[in-house]
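Chain nomenclature is as follows: A, B, C, D, E, F, G, H, I and J, assigned in order of appearance, with residue numbering initiated at 1 for each chain independently.
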Amino acid sequence: MLFHVRMDVHLPETLDPAERADIVAREKAYSQKLQRAGKWPHLWRIVGEYSNISIFDVESNDELHELISGLPLFPYMDIRVMPLATHPSKI
Amino acid sequence: MLFHVRMDVHLPETLDPAERADIVAREKAYSQKLQRAGKWPHLWRIVGEYSNISIFDVESNDELHELISGLPLFPYMDIRVMPLATHPSKI
Amino acid sequence: MLFHVRMDVHLPETLDPAERADIVAREKAYSQKLQRAGKWPHLWRIVGEYSNISIFDVESNDELHELISGLPLFPYMDIRVMPLATHPSKI
Amino acid sequence: MLFHVRMDVHLPETLDPAERADIVAREKAYSQKLQRAGKWPHLWRIVGEYSNISIFDVESNDELHELISGLPLFPYMDIRVMPLATHPSKI
Amino acid sequence: MLFHVRMDVHLPETLDPAERADIVAREKAYSQKLQRAGKWPHLWRIVGEYSNISIFDVESNDELHELISGLPLFPYMDIRVMPLATHPSKI
Amino acid sequence: MLFHVRMDVHLPETLDPAERADIVAREKAYSQKLQRAGKWPHLWRIVGEYSNISIFDVESNDELHELISGLPLFPYMDIRVMPLATHPSKI
Amino acid sequence: MLFHVRMDVHLPETLDPAERADIVAREKAYSQKLQRAGKWPHLWRIVGEYSNISIFDVESNDELHELISGLPLFPYMDIRVMPLATHPSKI
Amino acid sequence: MLFHVRMDVHLPETLDPAERADIVAREKAYSQKLQRAGKWPHLWRIVGEYSNISIFDVESNDELHELISGLPLFPYMDIRVMPLATHPSKI
Amino acid sequence: MLFHVRMDVHLPETLDPAERADIVAREKAYSQKLQRAGKWPHLWRIVGEYSNISIFDVESNDELHELISGLPLFPYMDIRVMPLATHPSKI
Amino acid sequence: MLFHVRMDVHLPETLDPAERADIVAREKAYSQKLQRAGKWPHLWRIVGEYSNISIFDVESNDELHELISGLPLFPYMDIRVMPLATHPSKI
């Protein structure tokens, strides 16, 4: 079941650089683990913004919230989720 | 080169049913021709709305505008385009 | 799996009164059939507006879109869907 | 009398972790006390956001404001309230 | 129990002048009946707009929706309702 | 001459608790002095928000700005003012 | 007493050209009568839009609403009014 | 003196096709005359929309309004104008 | 050449009171110098807000940006500029 | 391939003046290097705002994101990108 997720990152200027680097590294590892598990099939950068468009493939709403709220950057992101359905013109 | 496109369809209530059916059929054929050509790799319905999220894969901005403005439903849609780039965490 | 749906009805002023009455009657029957089937567990009117807040309980995003797009009032409504998850404080 | 309430939590990054944990724990206890009293019949998490959709069942506007403004997280939330009425299609 | 209601009137340009005059006259009579009954204690015009700010005093959300949806101008208005509570500084 | 005023309070989290209590107490005294003088005939809390809807009755725009900008909470509030006129249906 | 008024004109495409010309001519005469009376001291076109920024000088809110709602274009305009006060830096 | 102008075209569905073709042809001729005169140095299509971004080079605000309001499509466009200044980093 | 400028002041709460008083005093002097020079013919306070509506009269866009960006309060203001043209009904 | 970019700068008030001057100087050098390379053919200041409108000329979306995210001011700007296409009326 697919969901469209937009994430906008707003890291506080007061964040310690080492802590920041650690969060970003953990975010990358977490994201890649989910990609390998097939849960996060698409991930694109929006040109010019510290934002991404993601497609998640999950079994349920609860699973999706668990995955998203576990993101190391979760406290620093604005996130909007839209459920997707099959389009009748899709081949 | 990938682009994120959201299309919201607003068919006028006064549209003749036969003309409407014809436009929708031509839209489907046009969309599927572009999908087969690899120009429109993703197409999803937004749940609960007469709207879609699409990913286009084109050579240039001019090609993208030509493809979108050729849609039979183009005069009846609100369309927003965002260029996408490779995400550094993408595997 | 629960979804929060807001529907705002905008019936065109040019709609024939008999056709309007027919659509509204079919909407009511359709809604009550889904309620009896357990698919539409909550339905409230927003005070002062021709709008409702609904909770749907479905198996998948595709099922939800099929149910909503089958509403007789679907062509005359603005609809927004938000997926819901279990809240950790819920008893 | 039912009210639809959306709460978006914005905890300041400068909040002391112990104080934060204390506020969140008190919020949970407060919420569950109101749920047991029948005042807060529905509580859902919005997927992907630190937000909830709640339905309150109270005797008056004054009671509702007293309950909401007593929430330990009240100073850290954006809250919007909509009064709900019986829907004519509700079975 | 008090509610703050904003009403913005949008009469269609195609409305027959006689029908329009009839609706406006019935609206006035309906409004004055509710004012005399104490249900609509305040009614002000917003300067420069075909809009009003109203305060309603009702027993319940259901009563408020019944009163508002009975307005002859109801199909031609955008309406927003906010519940009001006692302010602690009010003398 | 009546004016509709909405005030949304945003006290900074870093405000000293004693200073905060002092500002809130002075705000209450200031507000009640204006109410007693007939300048601030209505004051309601918006349910669920740290906000109020107020009606002011003043001689001029200058007097209104002087009264509002003298509020102890003025530096911490978003304020919007709408002039009100007599409504033709008001009894 | 000064008020800032923004007017955006939206003439319906279906308006009869002769009726349109008549309304626009009466609007001009009405506006110039108020300008000569000192009620409408400033009137500017917003570049690129069928809109104006106006400053009115009136005795009361009621007078302002009477003047504005008497505009021949009133049914075809979106209008927003802001009360103005003396600025402390004004020489 | 440069101005940034965004134009969004909304041609009514009821427009006669011949009249529509005539307006579009006159718009093109008008635009190209201004381009040749150096008044309209840049003109781009926004990808996916019936909209353009234009840069005008004029002597005054009055000249700009005269040029824009003379566009054959002027009655069918939403237009927003922003004045531009020299950027200190421009080479 | 006239321009309509709206300025909303947002002084940071952490600003040193002496520095704040100094900035505000310099702003007043700067503003009055421009008023005396005929560059800033109108300046009004928006009732209830720490904001003003100003009309500037300048030779060019570059001159306007130089004047505005030289305001001592410039780093603390949200500013929006609209070019104004002669209105055809202006006497 | 052209892109329209709007950048709004929001430098934090807590930024050290020397660090601020250094960032702004590096931004200018970076911008001028890209201008000389033909990548950034247009750059204008929006009058009255700490913002610019830029046109970039790049080979791909990835190149554009690399250029923009390399801006020394990137962490302090809100940026919106729109792809541009050839306009059919452009001479």
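Rule of thumb we're sticking to: a contact is a pair of C-beta atoms (placed from the backbone, for glycine too) under 8 Å apart; a residue touches a chain by one contact, two chains touch by 3 or more.
Just so we're clear, the structure is a prediction, and the values are computed from it rather than from any experiment.
Visitor: Among all the other chains, which ones are in touch with both chain C and chain F?
Guide: Expected: D, E.
Visitor: Could you find the chain whose CA centre sits the greatest distance from that of chain D?
Guide: Centre of mass proxy via C-alpha means gives H as farthest from chain D.
Visitor: Copies chain D and chain F touch; is their interface built from the same residue numbers (over half shared) or different ones?
Guide: Because under half of the interface numbers appear in both copies, chain F and chain D meet with different residues.
Visitor: What whole-number Å value describes the gap between the mean CA coordinates of chain E and chain F?
Guide: Once rounded, the distance between the two centres reads 24 Å.
Visitor: Using mean CA coordinates as chain centres, what's the gap between chain A and chain J in Å?
Guide: Going by mean C-alpha positions, chain A sits 26 Å from chain J.
Visitor: Take the average of all CA coordinates in chain B, do the same for chain D, and state the distance between these two points in whole angstrom.
Guide: The separation of the two C-alpha centroids amounts to 40 Å.
Visitor: Compute the distance, rounded to whole Å, between the mean C-alpha positions of chain D and chain G.
Guide: 45
Visitor: Going by the touch rule set out above, which residues of chain H reach two or more other chains?
Guide: In chain H, the residues touching two or more other chains are 2-3, 45, 47, 61, 64-65, 81-86.
Visitor: By the document's touch rule, what are all the touching chain pairs in this structure?
Guide: A-B, A-C, A-D, A-J, B-C, B-H, B-J, C-D, C-E, D-E, D-F, E-F, E-G, F-G, F-I, G-H, G-I, H-I, H-J, I-J
Visitor: Tell me, which parts of chain G touch chain F in their complex?
Guide: 1-3, 60-62, 64-66, 81-86
Visitor: In their complex, what parts of chain J are in touch with chain A?
Guide: Residues 3, 5, 12, 14, 61, 64-65, 68-69, 75, 79-81 of chain J touch chain A in their complex.
Visitor: Over in the complex, which chain H residues touch chain J? Could you list them?
Guide: By the definition above, chain H touches chain J via 2, 4, 27-28, 31-32, 35-36, 42-47, 52-53, 55, 82-91.
Visitor: Enumerate the contact residues on chain J facing chain I in the complex.
Guide: Touch residues, chain J against chain I: 13, 45, 47-50.
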